[in-house]
């Protein structure tokens, strides 16, 4: 397994030692096919932190799930049965997380989620060994709803793809938004043409539009929205405005507000160093996903400093403490092991030739998620 | 024994031997891979009746694979939460018993195959390929957008379903179960192939007019073949879902249909053991090439291309020569 | 829904249909003339979009980008025709499906290897970037309007090519009887390469046009490929006219279904389930249309028995 | 008439403007060979296809032993007793010769939905198939792959498959086509045997064979039957000499 040896070699070379690894991490993430960009960012962010820590007692095994749930399950079995890892991490997509996490935690492994946060895992299906380092899926949408109130929007048109994460998104927005709904649409997953939806928006009499269309769907929507001449203010979650895809949207994204728990201009030393070293190492600006990968690794490393992974209870407590320097500034876990954090509102700007974001407001402060109460842990 | 028979026996021996070796060597993951191969082989054996013997190139068999998977997911999730599937007009409860799940999976996928087959078999050739694809896509989008059973997130089962007398959570025991089912289905398919039905079905593939002129109806033959084929693929789907303890719309995607066809073509179309060898090689490639490079699909593509262009009749064809006419 | 909105949605349906025609024309031509099912058609579409994005980034000219898309896709098409595709003409559909599926894998990952995993940028030209106001006060994006015009021009050009030119006569002859045309002394190998490259160029051109308002990314070709197959199967494989009618039918059905179905279900269901049921049905609608057409006309609307 | 086995009653079939068959009424009587002759494109094959049900008629009726067949498909017609051979051999080429014959026997039995019993071990089917093969002289080729048969052998196999159906009437579309002199002689001998089993409606271009075999001859020109009669009557019919045979009347 070449990837694995490369990762190992990197860790070893930095550590300059050949001692037996004490903590073994299995990373299952998407490295090929559609959506590979996200997995690559998480991996790179994670490995940057591992390198910087320079610990010789940490080994990372990386595998590509091809964004297929059955492959992810199979890799998890492999990590647990053959590699005998202590901790799993890396999954990008909610549906893959739902396939892997319950079984992995049931077998006594730790799982640290660097991206996906499906609601069942935050509520009824929470588990003591499951820690989400990114967000619960609804969080960014809730912050967008709150921001819409703050801005004075009274009548929103909202749309998302017709699948569970899409429904969570619109539910999340509505949970905080106090105004009226001018319209609510579920589009086909993977849809690339939004002319009909945009015409609906134009005719709806809304004063604002909220959309959750991750990946290529968002790129298509933004370009088509810009060309349509509809000038209602647009708000979305960070996923459609991430560093990786913003360049592909171009001018069409300029000025659009989006919600995120991280941005490269968050003012703290860890973040500044992260942005600088990531750029130096990989030759591109870090994305939201890279920041989540970086935080995930640092959380893990902080826990390794306080407890032995073999002592599950102590290690779990160390993870729960979350005593690491997050690129987001303050970071804490709620009782359901999901983040309690600030969620910001960003605006797309242009720095030289590069499209990026700057923070313009705080959407929600010390925000936890809506499902924590359902979690019996 | 003919050379093809030798290859068939050898392939079963390898499929059985590798996990036994893995058991000794304490490599449980290899057993999981072998189980995956056995289940994929079963799905391919199912499709091969329609595609190989009947000449029906179905690009929608993932529908049956997925329906089998969802039969398992729905039954087991209801059993898990102690909520009946329906109470009126009569009570249907979930179950965690594999034999019941298999039966339900086969019946539901057979019914789906009957419905799809009745309409699709009016067409032929490319149109048949495309109409089966269309029905597959319908089921796929239905599963994604229907919220009751998880939509795109799918359904997780925390503990594998049970089989009387076995601990299915032990990899080798679950493998044994799948292997035995595969062998039984191979025996069944062998019987069908040699039966009156098999003779007529295969004749209908070669020459439809001939079959009509002796007073037999190709449409009926094909419909029955399609239904049996769907039921077997549905059974494979139920096992696959149990292997992963998880079912999602990915099992229903057109790429899945394509993969099942690939198993058959790698091994050899219409050969009884074609899908067995094809599935084993596919899993081997996926596992080894995946480690070579992030861009391993390029190598997989090149390899498939090579097989299509240069090994007509699949690998069995390349090694055993033309199919021997049955006596 | 007001009349104006309805007309606007019809225009959207027309534009989607025309776009689908651009993608389907080459596919149906290749099948009609050579009897080849080409799953890699979507890859040629992607190659066109990537070539356009790369050239647009380098030169800033959209016209050059469009030309690059034509050239790159035609070249890629000719290349695979000469090396691989021509070995498949005499094979059954199964072999064709598998071989061209293999080509998808190679093209997709090859493109990712060359251009990376992130989507590329391709924007509409400045002059066409905003909306125009149509009679009745409908605001319609200028670029989409140009797609409708270009698509109709291409459709007209295709009809003229097939019906009026010497090459067209040969193509039609080739559809009717392969041996006949060889007997007439036409170099059939060259004709096939030409037809395949033409189909590829059309796909690439469509990719570039559409890429400007969608996302230029690896894997963009496959959803389109399936739609294009739906179109040509509805129309009758091999028929350019069928592809045109099928494309418009699918365009209108999909667009109107997306908008109308949730509203129709809202009449007798509570709002949230109306949206769910309506959207679910809308995403299945074109497949239902295709199955329906095939059940009643097993060879499509304009297919020959 | 009680000895009529197969009857067509005013059959019509047009392809666009072309009238392929135009008001064709024929009958086939017990024990006879009724030959259908006519120039290429006269509609002979169209007529056969209409009788077997492979082609739907525009109007008219077909009946077998006074039972109407018009509304049923080709499979039912075969099952009711129409055994046919094709102008171009139509066989399952990958199967063996015996398997093709067994297929016919299966059709005769009617029930094909048997999934577990090896069909080639079914004594009744196999012996019926072997008997038919023996009758046409293909017994020694039973295990040969059909694709490996010579052209003449394939024609014989077609006849054997039709035989296994135990039909009430045979429809034979140019069984001599492409056979050499020796083959044609063999086929003539075979047909002479077969007429004992069931009457034969024979389409044939080989006039020597037609005049040697036929009890009655019908002449089809431009889709119309212009005359029906004994070979002698046809030979001397001046209208036919003009319209079809020219002056090259076979001796």
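Just so it is clear, A, B, C and D label the chains in written order, and each chain counts residues from 1 on its own.
Please note the rule applied: a residue touches a chain if its C-beta (ideal position, glycine included) is under 8 Å from a C-beta of that chain, and two chains touch if they have at least 3 such contacts.
Note that the coordinates shown come from a computational prediction; the quantities given were computed from them, not determined experimentally.
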Shared chain contacts [subunit A and subunit D, defined touch]
B
Tally the contacting C-beta pairs at the B-C interface and at the A-B interface, and name the larger one.
B-C
Taking each chain's centre as the mean of its C-alpha atoms, which one ends up farthest from the centre of subunit A?
D
Inter-chain centre distance, subunit B versus subunit C - centres from mean C-alpha coordinates, in Å:
32
Can you check how far apart subunit A and subunit B are, centre to centre, with Cα atoms defining each centre and the answer in Å?
36
Give, as an integer number of Å, the spacing between the C-alpha centres of subunit D and subunit B.
44
Between subunit C and subunit D, centroid-to-centroid distance (C-alpha), Å:
49
Where in subunit C do residues touch two or more other chains at once?
108-109, 112, 276, 279-280, 283
Could you list the positions in subunit B whose residues touch two or more of the other chains?
141, 144-145, 147, 295-297
Touching at least 2 other chains, the residues of subunit A are 32-33, 36, 162, 186, 188-189
Could you tell me which shape the graph of touching chains takes: line, ring, star, complete or other?
other
All touching chain pairs, where touch follows the definition stated at the start
A-B, A-C, B-C, B-D
The answer for subunit B against subunit A in the complex is residues 27-30, 32-33, 36, 141, 144-145, 147, 150-154, 156, 158-159, 171, 240, 244-246, 248, 250-251, 290-297
Hey, which residues of subunit D end up touching subunit B in the complex?
52, 54, 73-79, 84, 86, 90-96, 98-100, 102-104, 106-108, 110-120, 122, 125, 143, 145, 161, 164-165
Subunit A contacts subunit B in the complex at 1-3, 31-33, 36, 63-64, 68-70, 73-74, 77-78, 81-82, 94-95, 98-99, 102-103, 106, 118, 162-165, 167, 186, 188-189
Subunit D partner contacts - residues on subunit B that touch it in the complex
191-192, 194-200, 202-203, 206-207, 209-217, 221, 224, 323, 325-327
Interface with subunit C, subunit A side, in the complex: residues 32-34, 36-37, 40, 162, 184-190, 192-193, 195-197, 199-200, 202-203, 215-217, 219-220, 223-224, 226-230, 244-245, 247-252
